[in-house]
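You will see two complexes here that share subunit A, one where it goes with subunit B and one where it goes with subunit C.
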Partner chain A sequence: MISVRNLTHQLGQQTILDDLSLTIPKGKVTALVGANGAGKSTLLSLITRLMKLQDGQILIDNMNVGETPNDALARKLSILPQSIQLEPRLTVRELVSFGRYPHAKGRMQKQDWNKVDEALTVLDLNELADRQLDTLSGGQRQRAYVAMTYAQDTEYMLLDEPLNNMDIAASRSLMRVLRELCEHHGRTIVIVLHDINYASGYADNVVALADGKIDQEGTPLDVVDSAFLHRIYGTDAKVHILDDRPFVQV
Partner chain B sequence: MNRVATTLMALLVLLVIATLSLFVGVIDLQPKNLFNPEELELLLVSRLPRTLAVLITGSALAVCGTIIQLLVRNRFVEPMTAGTGQGAMLGILIAILYFPSASLIVQICIAATMALISSIGLMLIVIKLPATKPLYIALVGLIYGGIIGAGVTFVAYQADLLQYIEIWTTGEFSGVLQGRYETLWIAAIVALLAYLIADQFAIVGMGRTTAISLGLNYNQVVVLGLITISIVTALTVVTVGMIPFVGLVIPNIVSRLYGDNARLTLPITAFFGASLVLICDIIGRVVRYPFEIPVGTIMGIIDALIFLWILYGRERHAR
Partner chain C sequence: MGENDMPVKRLSFLALLLALSMVLYMTIGSRGNWDFVLAFRGTKLLAIIAVSVAVSTSTLLFQTIAQNRILTPSIMGFDALYVLIITMMVYFFSGQGMLSFGSYGLFAFNTLIMLLASFLLFGTLIFEHGRDLTRMILTGVILGTLFRSLTSFATRMIDPNEYAHIQIASYASFNSFNTELLYIGVAVIIACLIFVWTIRHRLDVISLGYDVAVNLGENVRTVQLLALAVIAILVSVSTALVGPVAFLGLLVVSIAHLLTPSPNHSTLLLSSALISCIILVGGQTIMERMLSLSTPLAVVIDFVGGLVFLLLLLQRLKK
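So, the complex of A and B:
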């Protein structure tokens, strides 16, 4: 369980997160949605200690982020950031193998390489495994980074817009992998999504953020309707219910 | 060729060049005459120390070039020109002016400390610059080094020590003799120790976010890297003077051909670096025989050619 208590975050004069409290259940896929600039990445960065906590408390199970050593957290949670800064000159396999660093600390054992192979297979990267990252397409590269996060093999996985640049096949297959990890391996997934239909289709819970506050949370069926879309995104779209899941007509 | 084969080949080539280096010089020395005590002495007192000094300097500086490039995430920065070398010179000046009776080791410590301070300064500036604008960082590095260099010249001018600057800025190995280069072994050891955390440097090269999410103590790795660079640079400047370019050219070649997985590529980097400096040193010994041309001069010409190749050469793709 991730529990966020009274989180307030300011950058300059602007309040990005405003006394936000949230509980993310264990073993579920939670989708974080909200308009551009709502504070989703900021919230994720604080949970994953990429940004320094200003005010409030974040607990992951019973680990207090901010007091727990960095390398212990690296074995507990992994993050796929929204923007990858610069491309290192590495092959896909090398990149994915760095995901094992928190466990192997530079001494890769057999089981570490097995995990790397598993990650490559699950993300359908076997054919690209020996290619240099800078020779891949945007979506292929994104998949390589997801594979690295997968190889880190943590109980909690937090992904900031992982579907960026991915085609529909890759997007659906990634969402299925995440569901599978959650259902059969007890992983907890937090995922920032812009396409509400992916949230509806694959998430157990949807958390909507607006102006640094939680606007609404619950199952997709509870949360997603026309009024919700109007309120959060200021857009009017029809919502249809199919197999107990709401889908936005885009 | 894969990396393991290249590493072995590079080592082999290096050994051949090193052997050659032992027998090239003003005094004729033939392998068959080595049993002659005079010639053996020449080998042990002059040729061997000189060759070892070149090997250590070339390999350690190439390794340091890779480290700084990973830390600042820019391929056009090298310690000698981006402030570390100038910081070391400033340190030596301070040692000469204020602690003239201090031992060599104390002077080296002062030089290394000043080199570290100016490297940290560079790092603090670079952190504020966007990594997506590589030219910014490269130019800022050059200007930063230039400013500290100007400061060094000013202080030296005031203190009437300009002739020292001349010696430090044109590094060369003709003065290396037994008993006058051994401190360089510290540089060799420091570079070897840095290799132990090669993985961490590679991860830091992927950016702060990735480093933290993989559980690395980002600041600690950066500081360890800067300390490594500073010690190696200071020892080089104190012992043989500035040797520019190796730390720039070799990491670029190796990154281009074999990638950035530092644990696998640093040995190649070290062997290439040692070979480059040694080849330049040997050329410097024979071109105007019996006079010598400083290694830095030869290297300037060769490296300009190599750099053109790097800039215009075709990028090598998948293996």
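So, the complex of A and C:
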């Protein structure tokens, strides 16, 4: 369980997160949604200690972020940041093998390489494994980043817009991988999504952020309707219910 | 990650090339006077190799913690800072007073000040603005100019008799080096190299950028500080031994990235050290022994290294 208590974050004069409290259940896929600039990335960065905590408390199970050593946290939770600019000369396999660093500390064992191969296979990267990152398309590169996070093999995975640049096949296959990790391997997944249909289709819970506060949370069926879209995004779209899942007509 | 994918062939080739340069350096024109030649050229060779490795290693470390491949300690004014420190020492405490420290004591004291000054000046710069290349270059140029002007101002005030104390550190020359500090200098460099080798995997992770490194559990600031300390010490030693070497570091690390492209510091540390030694030892052999040129090697290296700097900068601006 990730529990966020009374989180306030300010940058300059601006209040980005405003006394935000949130509990993210263990073993579920939680989708974090909200308009551009709502504070989603900031929230994720604070949970994963990429940004320094200003006010409030964050607990990952019983680990207090900010007090737990960095490397212990790295074996507990992983983050795929929204934008990474990486050393372009890395090959895909080299990049993915860095995911093992929290466990292997540079001394890769057989089981580490097995995990790397598994990540490459699951994300359909075997053919690209020896290509350098700067020779890949945006979506292929994004898949390589996700594979690194997969290889890190942590109980909690937080992904900030992982579907960026991905085509529909890659997107659906990634969402299915995440569901599988959650259902059969007990992983807890937090994922920032802009396409509400992916949230409805694959998430157990939806958390909506607006103006640095939680606007609404619950199952997709509870949360997603036309009024919700109007309130959060200021857009009017029809919502249809199919097999107990709401779908936005775009 | 790991050492299993080292480019063994290329590294062996470089090692062979270095061995060849060393043999030529020791033997050409020796006229069979072995006792003298081995002792005299041997110490010189030791100094050259120590400085080569110090320069390549400090440059690689700096590029890793500053996240770019254009800036080097020299370009940022590290060695100008060391020259300033030792000039100030002579200026304020006068030659006689300084000598009572003993040259080891003085060197230790200078290095300590260098460490503190580097943390103050460059620490925050790298932490806060490391990603802002323009700002880093401007700051480096300004700091370098400031240090050099202060140095030349202080130099004018110094008693000419005491100038000898700072002469070696002030101008790059691979012929006149500080024999007094050679052995202690070599020992310090070896200690630094061993330490850098133990943190090579951490450096690999740091080079992936702040967010990714933190995600992988590295304490980015700690590694940056450790590296900065090693850089300050290495620059102090190499400047004390032969003087500021300006563009040598940039030249050898750029060549290392070309010849042995790799995300692993184990590979890059080795290849850049080898290349650095080859350039200095081979360069000395060719310029002095074979062509008997009077142009100092340092001038040639700075010319070529300066061109590389401009090329890298233009390339970066085009993007």
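One rule holds for everything that comes next: the second predicted complex is superposed on the first by the 247 of 250 C-alpha atoms of A that agree within 3 Å, B and C clash if a C-alpha of one lies under 4 Å from a C-alpha of the other, contacts with A are read in each partner's own complex, and residues count from 1 in each chain.
Just so we're on the same page, a contact is a pair of C-beta atoms (placed from the backbone, for glycine too) under 8 Å apart; a residue touches a chain by one contact, two chains touch by 3 or more.
Computed from a predicted structure; not experimentally measured.
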Subunit C versus subunit B on the shared subunit A, clash or fit after superposition: clash
Contacts of A:131 with subunit B and subunit C, given as first, second, both or neither: first
First, second, both or neither for A:49, with subunit B first and subunit C second: both
Touched partner set for A:70, first subunit B, second subunit C, both or neither: both
Which superposed partner A:106 touches (first subunit B, second subunit C, both, neither): both
First, second, both or neither for A:89, with subunit B first and subunit C second: both
Touched partner set for A:78, first subunit B, second subunit C, both or neither: both
First, second, both or neither for A:41, with subunit B first and subunit C second: neither
Contacts of A:200 with subunit B and subunit C, given as first, second, both or neither: neither
Shared subunit A surface residues [contacts with subunit B and with subunit C]: 48-50, 70-75, 78-79, 81, 84-86, 89-90, 94, 98-99, 101-102, 106, 152
Residues on subunit A engaged by subunit B in the complex (per definition of touch): 48-50, 70-75, 78-79, 81, 84-86, 88-91, 94, 98-99, 101-102, 106, 130-132, 135, 152
Touch list for subunit A against partner subunit C, complex: 48-50, 70-75, 78-79, 81, 84-87, 89-90, 94, 97-102, 104-108, 152
Sites on subunit B touched by subunit A in the complex: 73, 131-132, 197-200, 202-203, 205-207, 209-210, 212-217, 255-256, 259-261, 263, 317-319
Touching residues on subunit C, where the partner in the complex is subunit A: 1-2, 4, 200-202, 204-205, 207-212, 214-219, 261, 263
